[in-house]
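Listed after this line are the structures, all set down as structure tokens.
What follows is chain A paired twice: with chain B in the first complex and chain C in the second.
== the complex of A and B ==
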């Protein structure tokens, strides 16, 4: 492998963490920790901490631990020990340096992928405990700079990428125009009340991956779907506030998203190939707003494409020739059970599917999700070094023939792209949408 | 000596069992109140089917990926926990004591079996101790209290074994056995040994979330 995961003595400086730390006193830290631990948290925190017998059996679940040659500091339980246990033991009286390190651990050494919850014999949800600490870090104002910027963007313009209100419909119309070069009758219907489906995407799509909107529009058009996209805020399903512990902003933008769908009177929200956004609209945002399950059914792209293919609404003209392998994103697989459909889909679209191991619920994380990639350039190398095990797993799939890596999640895509590059794997990373667009029957232009 | 024996088998035993059962009940009620007050949504996600599905996989040796990843640990921990629960409850001496006090008892194990089970518990405790010291990922998260808890659990079995075989200081060993057993019982509700009560509950909740919401397996 190109980069051994061994060079980590250097101190990484993050302006967000440093700026927050500069204004802190131990009194303030103590007040915030106790507000969260005693005030906001409840039974889960207490029981998880009281029940853990410090057995270390969660260790092997974690890609950071495995990638760092089983360095005990990276095991899931060790991250709880270095943060929450100490905070509880010292009744919140911890130093600024301690908080600096805690912020680093919870934001850049854990992807909240919940693989460890499947390895703990007691089913302790360590990702939840990490989120409790992120909440503390947020309230202390020491969230890493880059992800805090995206959270600010959510708060200010209701999308992740500072896309301005006029840029959004403009981008959609631009993509409509582009796609009409291919299918002259194609429309991207905006604000169509009573459509069956509201299609929602994440901020980065209009910002720098507009071709994905083009592809989705072609798929929708060919399949004859009665769909729409909102021209207003509420179109973005992504949510970095969820990962910074800014629950208030998270709840506000989720409400805006659901209310936009309600205003358009659609039956379902279909979302693009994103994992964390799925988690936020399917599992997290609804709970914050008091809904046991989302108020409007949420359909992830994997499920939607599966449906279109099964119903014969899109047909495969010629199967994808190059052998593919499938990466199972944590949020839609461990968080949504879509791995079976992903496989059905891959087999329906491609001639050869090579499994990578471990797979399905046990797949290794991309190391980008959970807001880690959103902590930006200062942490990039650490993130890549922290997932050597993924590179090994991919290299193994490659040896067995895989040339294309399907990753139905934006964060996974970006994270795997970095791994692919750094470890010189030479895989071609694609979305399901890319492949469908390529192999589907399209009307003669 | 008789006075001491009478005292530990009398009032102290009462106190120990009251604290044990009362403590467990207290922890359970306290937990339910806390859930009701702050995280009532937990109740709405609990599912009997998915709870049992998850628990069943995890109480089967090698029933999960992680158990299969650690075969030695799996064998030891299952043997340890089964013997830890079964040996004291079905020990003939305990059943007789109970029958003398209350007039009824229950079938008990042959002494040889109980003896072996005791040795398994002791061996298991030694294994856990060694594992705590030699495995870096376990040592890193180990504190003094972990050793103390291990000692609290092992003590009744060590003293019981010595007393049964009358290896030395029989009477004192018997008293030590009774007292250490009482210490262990009282420790269960108020230390991390409470996992005896809580582990099935955390497992059930995670199982329910994985089954009902996440449509995925958690083993």
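== the complex of A and C ==
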């Protein structure tokens, strides 16, 4: 590790953390920590804790560490040291202030991006260790306010944006109507039992970005896909409860998603361009329920679009002219290995693809993922400051000609927009769906 | 339930040319078939923003801006959700309810099919509507809709307290309850999910969360004394009236009745519990070890497991036999009485027992073609589309409803000949 720079921590008050801290006792903290460590975390935790040799090689992997001039407090191993190791060493007997700081570290100084796991000589998954602490934070009621509110939304209405049950099919019908202005026979088939594909999205799409549903419907229609969307709960594949450590709500919404697909008798689920939801549906949420693999096959939009292009179901009328660069979302690239497919797709759609470095599985996180952006306004500036290296990386790609940034993940989009704005990068950020919609052959209206 | 004995059980075939409709309309959407097989229906487009419903080749008189969620009730009445001039209502057999709403969705039928309910939004307030009559009380939000088996009552999870944006303390203190026929329980909860009426419609049970961590079942507004780390949807025992639900204890699942665990064995997962029609047996879909699934009867798991999914648990009418759809290594089959069928399929529909429980049938799909399998024997005929088979009350005949080469066929076949 390099010599640390000096920096002063700014005091940020989060109502969620403070609400939990109020009235908390060391006895209760100790009981919860020991319950999680002894009762919920098994061999995996023990192996990780016993194996780490404190070498610090994970440090250079972390965008927070790099963005804070190699301040060792932001090193992944230091985040474990400041939280879980200390809890274990003190047999759970830690103070309220300790937990306050632990909540801040695990929720706002780590995106669970797993880049550090690749730099660890033993492959220790520090993101998992952070998740264990988030579980403790949840059970102590200290989760930051805004992401806790999102978890409440999941629990109350089965989606992350408080979309009410009528607003969902109403929005789909509105987008169907809009799209019929372009393709008069277009349908967004609702509740069509036996369709080949159930298309699932995340809460922000009907709430703020309904044009993405429009675009997806056009792509599906032109490609001749036999598809459907549910009109019921279960349409949202996202999962902030996974990131708050509320495993019970996580399991509840994952069950609803898969059982909706099973009820509709679809062959598989195609999910929109979301990263964290991919992690939840294929790894974390399904496994908490006892499904070792997804019970209904599920693929990310990158794979689906790649499939449509490869099979000739959609054709490029004219390639996208503006030079693009590709941001590799952690969950679908480090987690899902889709970086090659994303590049095939970009090259098939665009005239010029400028690589950013580091890239593929070594890419820097957007700093929004892992629920960090969902911690809301109190933490926004800290989040942006914590990813200066991303701005440098993007600026380098821009210098080499990139003008459009493709980010096939919703959280990445939002986080990169903040980086783009704060560091005045002037990139235009798009989804693959935006580009496909723009360049594909479409029937004349 | 519908009186199946009054259906036409004469051996023979009735045909309706379904694809021919395409010449009469701009487009024809996916078809639905009545339980007795006598009618096939689809939403059809007449022109720009002009929709109707076509039944056996004849369109309803009404033309709507939108029409969707076409569903036959158990006694064969056909409903659709329709929109005219930006307002929504329900059309039943071509007649629209006179009332109009901001939006309607989630059609529910009573067990006999005679009563129709929907969830409705009017002026951004929510209530259930039963046969065109809306609850007097409206709520700020509404989820998890239910109708009693006799169709006399409707219920839903309702938001009874306002909560500000990101007001997590108020949310956790409880803003949700259950309204039955528009009257909310006195009790409030952090969350209420998945309601279940008793068979007589007099009681209602639901999953509730009190605060962030304490899950239990509330019956008529009163939560069980004991809480768990999670619960799934309850059911009422049809004989004793006990409320039975899967509960999570120390990281594992079991089944509880009236608040007390009744299965000594713990599982990785337990859900979709069901009491046999005679009330003698309790079965559930379970995961006895991580990644493996089967059924358990009275707490004892079957030996046969599959490695992906089990769903659609069904008892035979006499309660002696059990079957469920099961997925193993990416392919579906039927799990019947602790044995898997020998054949594997791309997809399978819920199992159907004959009235005497002797036979079990299922619609299966392979490479886009549908077929009927009875007791693990696939019948030779294949179809473009196929609906659930129905056995005659005496079990000697089976009604097969399918489309082949664009023609819908209602076939009554003799079971003995099928299996000969």
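Before moving on, here are some points about what is shown:
Here, the second predicted complex is superposed on the first by the 436 of 445 C-alpha atoms of A that agree within 3 Å, B and C clash if a C-alpha of one lies under 4 Å from a C-alpha of the other, contacts with A are read in each partner's own complex, and residues count from 1 in each chain.
The working rule: contacts are C-beta pairs under 8 Å (C-beta built on N, C-alpha and C of every residue); 3 or more make two chains touch, one makes a residue touch a chain.
Note that this is a predicted model, so its numbers are computed, not measured.
Look at chain A after the overlay: chain B and chain C fit there side by side. Of the two partner chains placed by the overlay, chain B and chain C both lie in contact with A:292. Look at A:283: by the touch rule set out above, it reaches chain B but stays clear of chain C.
Legend: residue contacts after superposition of the two complexes on their common chain; A:314 is shown touching neither chain B nor chain C.
After overlaying the two complexes on the shared chain, residue contacts for A:52 are found with chain B alone; chain C is out of touch.
In the superposition on chain A, contact of A:302 is made with neither chain B nor chain C.
When the two complexes are overlaid on their common chain A, residue A:96 makes contact with neither chain B nor chain C. Once chain A of one complex is fitted onto chain A of the other, the partner contacts of A:361 are limited to chain B, with no touch recorded for chain C.
With both structures placed on the common chain, the touch criterion links A:241 to neither chain B nor chain C.
By the document's definition of touching, neither partner reaches A:394: not chain B, not chain C.
Taking all C-alpha atoms of chain B against all those of chain C in the superposed arrangement, the shortest distance found is 6 Å. Where the contact sets of chain A with chain B and with chain C meet, they give residues 292-293.
Those residues of chain C that touch chain A in the complex are listed here as 26-27, 29-30, 45, 48-49, 66, 68-69, 102-103, 105-106, 119, 121, 126, 141-143, 159, 165-169, 171-172, 176, 190-191, 193, 209, 212-213, 215, 229-230, 248, 250-251, 268-269, 271, 287, 290-291, 293, 307-309, 311, 327, 330, 346-347, 349, 365, 385.
Residues of chain A touching chain C in their complex: 15-16, 19, 39-40, 138-139, 141, 145-146, 148-149, 152, 155-158, 164-166, 169-170, 173, 177, 180, 184-185, 187, 189-192, 194, 231-233, 246, 248, 251-252, 255, 259, 262, 265, 267, 289-293, 295-297, 376.
Considering their complex, residues 31, 34-35, 37-39, 41-42, 44-45, 54, 58, 65-66, 69-70, 73, 135-143, 146, 192, 194-195, 198-199, 201-203, 205-207, 209-210, 213-219 of chain B touch chain A. Listing the residues of chain A that touch chain B in their complex gives 41-44, 46-48, 50-57, 59-61, 65, 70, 72-73, 75, 77-78, 81, 117-119, 121-125, 283, 287, 292-293, 333-339, 358, 361-362.
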